[in-house]
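Read from first to last, the chains carry the letters A, B, C, D and E; within each, the first residue is number 1.
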Amino acid sequence: MSESDITALWLTLKLATVTSVILLLISTPLAWWLANTRHRVKPLLEAIVSLPLILPPTVLGFYLLIAFTPAGAIGSTWQTLIGSQLAFSFSALVIGSVIYSLPFVVQPIQSAFEQLPSSLLEAAATLGSSPLDRFFSVILPLSQRSFITAFSLGFAHTIGEFGVVLMIGGNIPGETQVLSIALYDHVETLQYGQAHQLAAGLLAFSLILLMFLYSTNRSAKQRPQLRWK
Amino acid sequence: MSESDITALWLTLKLATVTSVILLLISTPLAWWLANTRHRVKPLLEAIVSLPLILPPTVLGFYLLIAFTPAGAIGSTWQTLIGSQLAFSFSALVIGSVIYSLPFVVQPIQSAFEQLPSSLLEAAATLGSSPLDRFFSVILPLSQRSFITAFSLGFAHTIGEFGVVLMIGGNIPGETQVLSIALYDHVETLQYGQAHQLAAGLLAFSLILLMFLYSTNRSAKQRPQLRWK
Amino acid sequence: LLTSYSWGETLNIAVASNFKATLEKIAQGFQQSSEHQLRIASASTGMLYSQITHGAHFDLFFAADQKSPELLEKKGLTLPGSRFSYAEGHIVLLFKSGQLNNTPKLEDIRKMLVAHSGKLAIANPNVAPYGLAAKQFLQQLDLWQDLQSQLVRGSNINQAYQYIASGSLNLAVVATTQIIIRPIKNLQSWPIPPAMHAPIIQQAVQLKNSKSRQAAKAFLNYLNSAAGQQIIRSDGYGIPHKPVRSTTI
Amino acid sequence: MGIRANIHLKLNNNFLLDIDTQLPEGKIIALYGDSGSGKTTLLRCLAGLSQADGDISADGIEWQNSQGFFLASHKRDIGFVFQDGRLFPHLSIEGNLRYAEKRAKRVSPINKQQLIKQLDLGALMNTPVLELSAGQQQRVAIARTLLSAPRWLFMDEPLSNLDYQSKNLILAFLENLQQKTKLNILYISHDMEEVSRIADHILLIEQGRIVDQGALIDISSRLDLKLAHQEGAAAVVEVIKQSYDSDYHITKVSLGENHSLQLSQALPDGAHRLRIPARDVSIAITAPQQSSILNTLPAIIDAIEHSDGARVLLRLKLGDQYILARLTHKSLDQLQLCVGQQVYAQIKSVALLSEPL
Amino acid sequence: MGIRANIHLKLNNNFLLDIDTQLPEGKIIALYGDSGSGKTTLLRCLAGLSQADGDISADGIEWQNSQGFFLASHKRDIGFVFQDGRLFPHLSIEGNLRYAEKRAKRVSPINKQQLIKQLDLGALMNTPVLELSAGQQQRVAIARTLLSAPRWLFMDEPLSNLDYQSKNLILAFLENLQQKTKLNILYISHDMEEVSRIADHILLIEQGRIVDQGALIDISSRLDLKLAHQEGAAAVVEVIKQSYDSDYHITKVSLGENHSLQLSQALPDGAHRLRIPARDVSIAITAPQQSSILNTLPAIIDAIEHSDGARVLLRLKLGDQYILARLTHKSLDQLQLCVGQQVYAQIKSVALLSEPL
């Protein structure tokens, strides 16, 4: 791996981690609301959460870029608050990745929340457990598996994503050139040997990481298994 | 919308539908196995299912293309069985899309299966219900919500995906030129006006479709709601 | 070290992916004799154009076409007079070796194309200048209509190359530079005469908000020097007839 | 031929199910034992829901054997009423019942409309399952299992959440059904009254083992078992109907040759089973007069055992059958009772309820 | 001051909960009613788990009012033992108990080790919840709720899946605890024996309404209520200990001025409550002799009511208290009993068990 590839690797890990953590923080309340509301607007919101998937990443990136320019809605607010340009910064990558991977994180968490037995939450409440306490002492441990799924999907998707990132980040080594772009670059510039190496390394690394994540997960419930014949 | 855009739209719908249906057919048994196995290999398999996410789509597409050539593993088998070339065909697009979207379909179904109360399956068995019967009469209706989620994610992701499709499809109008490629082309050639139109149409259409899907879904369980303050 | 640091500037260059490899070679030569730092970002021309129009900070933009630099100039985003043609693309026809002799004639090529039953990869003529050239070549041979159903279009010339490099097909129109940088075994190449298509002119501009003007000037000077021109030529590009002078300041 | 089972299953370090038994056919068999003694586990193994090692066969049909053959639950001719209701939440009550009907093992001997009426489900048919009270759920679960028409019916405390009246109705229905169809019922209950009312045969389970089993008539009067020493202890005897007094609704029945009893209940002709709670039997040395106690029978004291601090348990012989009587120590001494002595057993007739035999 | 509740909640077209009541403080209050009568729903509303319209206050503290104020469940000073166990599956038994301890509303008056011993949970502490038998789950759920030390304890059929012996132990523990701490307990049970053993006060619920409520002593002997006509009907009386015969373990107690009874049980000094099942009482015109029945009390027939075909229910006055007796019609006629008549009530002493008052 070349030196720039290593820089790209660190940047990628940073981006994927920051993005996944932010995704969890955003998705948890959103998923909770979606799981519990009976508001008519629910299907609309669910559909909107899935929408980023519909646009090809570069096209999504294009629209995000428009929004992120100092003239755009988000970009101008950002410039006022932070004082630096949003587009082509690491922050822009994070925001873009968060939007792009949102559905994969919201959905597993939402469905875990929906299948949560309310009977246990009631029991906890009668034992004097406050809503926040209930969240950490009952809801979270019971949805653990789905949080892990959500985190892994968000993480993996951020690593592999490149259309959005390339468009709004601009392939700046050390700042916005993540591994997927470096890999894309190698392929585009016909450096197939380097591309193969990088792809293999990326796959191996991700495989180990994902396996680790999935095996910290509780093993399949020790429930009696019905015989199938 | 131009005529070629309309052709692309139909092709896209066909691709997304075929892909999502195949994904459901593949993912259901796979998810069932993953949900019920206690085999040591489980975390590895779960990780492998997520792996397609890690590679940038065009890169994944490039490797798939190599596998799909008449000299490649999949391509040669295909040629022997079907008699025509796999690469640059609609079938190739379907296979590529299936691989790329697999994790988003397997995961929700698997987690629904994992949270299925085995007590109800036991009850069904003692009522004389065979495994297949149980699947359709108990498991499926109880996991309905997750199947809808899985289908929508798979569908949406296939619509928006374009890296893989572009690479292995070769952008042949009427056969492999889907909407996402057309949209990408508009952006690439700086035809922003057309791009905006197409994107808006695509989003509106998808929004309606997704909303329809989500609202056929049972509304939030009529469970007593705890007050939060 | 401090002195050299205060002296040198960092030059941000945006380059269309097909020229990136060549530009990197030039950059290497340049940096050996200069204190300036270079940062090269590559993407498709369309994407780079979008980024520039939305505030990306580049000093120089090497496009794969003529159109985008012109548009930028029209929008007043470039340094007046900085636009120039830095390279002319050439295309070749790649086909399975052994079909024709080493120096086939145009009729042989045409016959082969007529007889070909598989796919033919080109860059998308609607998107890529190299694709447009390929289309013009096929039109010249009056085969464009007949080959419609066999055409596979990459979104850029690199993708057309990937199609044939992957072994999925064995007939393609690619850029000459590609087979020089990365030859493919078992394939024969036939240079398509430049007369059979409109010239593929790749232009560059210096952007108006460029801060590293010293460095830009130095780099363009190097590019237009004999050494720079040599690198471009040896990578399979032509040098356009009348290169506009590097900078006007 | 009944069920023949020789199985063992180690669930954890503290609990091993170890059963070797032959259950009679066409009977209501009660499983009786403390909490955690393995009753549910035993039924689950018989039903094929838990996989024990060993052999099980029912009416000569192999359900599993130690060579690895295992008949899946849905192929066993069984029904299971679970301790928790386990209704399908995606179906209405009607849907739950129809689910069972569609998969019934044979033409059901039960009239569905009558069943719904008996279990008082009429008003609930279109209610979503999640809106039922605990007792309502239990009744639906019973109806559902009955409609699947199994030969072997396993019931795990099916009436634990029901009020006295519903319990009574359902027990009567089950007795009736069992009599008509010779259905095999395995019935778990903690309520000794329920058990001795409904069961023909009883299995006593302790710590995963069957400590004793037999006809309720024999087991119920055995002083060496825990059963007779429990608060609700009752002996069960067989009687034959003699006559009916329609003015008072009193039935006269004979118990052996020389003894007759009066019951506050109409009864069909033939043999019946009576449950006589030990606490309802008192002892007199001479035949008492002018008491509201209608039944005074000569009996011989067969055994006397201490029960707890103040109380003793007597086994009385009436002809060739036995009943139990619980007295205080003080009465025992005051009346100077001893084994072999001839006394009068006074049985409050109101307490007597017969079961079909 | 107890709970004051005036609430209504329409659950569906067939069921409306409509309650307006004042519950006494520091008592064990039984909720008694048929399956589906609304017992669980009432407790849920009081606990804040279901949101009824109206006002609830407990010991003067408002829990909710009709102006929209609503105190969330976790802020009410309550504990709830659910009809289903509701143990946390991600925690061990120990974990479940510690969960409650950590969130206890006050320093618990209960010694945890003793509680574990009483409920026989010692061997189970590290067992995963999913491996418990139904009865074991119920016991853990009770322990968990007790450890959260609430002022108001709601129990929804907490003992329905337990064997007789465990039931007894737990009831004794609860009685004791309630006596010591003046805890308020609302207790749902279908078992009349359980109810009349443990409750001070009783609420009769039918179709979402309280049809009657009052001290168990008053309600239990009222012939106009369904209660007295049920199979397990029993009257409850107050007695004062007089002496103890340590040879026979017999306690003599006085019931009013002129009546005394003998109990087969040791008792502390002071006032106690006795449960006298109607079926254990027989009637004699003259004082009987030489019977194992120790207790023969002069009584006056206060009322006679038909119970069913063959049987009648008598209300007997002993001093200023009442007991019930169930006889056959035949005995009634044979003895020519009528209201106002002086008779002898024979009560089998073995049946008498006292409760702390």
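As a convention for this text, a contact is a pair of C-beta atoms (placed from the backbone, for glycine too) under 8 Å apart; a residue touches a chain by one contact, two chains touch by 3 or more.
This is a predicted model, so every value here is computed, not measured.
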item: Chain labels contacting subunit B and also subunit C; value: A
item: Subunit B against subunit A, contact positions shared by both copies (same if over half, else different); value: same
item: Label of the chain whose CA centroid is most distant from the centroid of subunit D; value: C
item: Euclidean distance of C-alpha centroids - subunit B vs subunit E, Å; value: 60
item: Distance from the mean Cα position of subunit E to that of subunit C, given in whole angstrom; value: 92
item: Inter-chain centre distance, subunit A versus subunit B - centres from mean C-alpha coordinates, in Å; value: 18
item: CA centroid of subunit A to CA centroid of subunit C, Å; value: 36
item: Residues within subunit D bordering two or more other chains; value: 48-49, 72-73, 84
item: Residues of subunit B whose C-beta touches two or more other chains; value: 62, 122, 125, 131, 181, 184, 187, 223-224, 226, 228-229
item: Of all residues in subunit C, the ones touching two or more other chains; value: 47, 50, 162
item: Subunit A to subunit E touching residues, read off their complex; value: 119-120, 122-131, 133-134, 137-138, 141-142, 222-223
item: Residues of subunit B that touch subunit A when the two form their complex; value: 35-38, 42-44, 46-48, 50-60, 62-63, 103-104, 107-108, 111-112, 114-115, 118, 121-122, 125, 131, 145-146, 149, 152-153, 156-157, 159-163, 180-181, 183-184, 187, 195, 199, 202-203, 206-207, 210-211, 213-215, 217, 219-221, 223-226, 228-229
item: Contact footprint of subunit E on subunit D as seen in their complex; value: 11-12, 14, 33-36, 40-41, 83-84, 123, 127, 131-136, 138-139, 157, 160-166, 168, 190, 192, 230-232, 245, 247-250, 262-266, 279-280, 282-286, 288-294, 309-311, 325-333, 335, 346, 348-351
item: Footprint of subunit C on subunit A - complex, ascending; value: 58, 62, 65-66, 68-70, 85, 87-88, 166-167, 170-173, 177, 185, 187-192
item: Touching residues on subunit C, where the partner in the complex is subunit A; value: 12, 17, 20-21, 39, 41-43, 47, 50-51, 54-57, 158, 161-162, 165, 178, 181-182
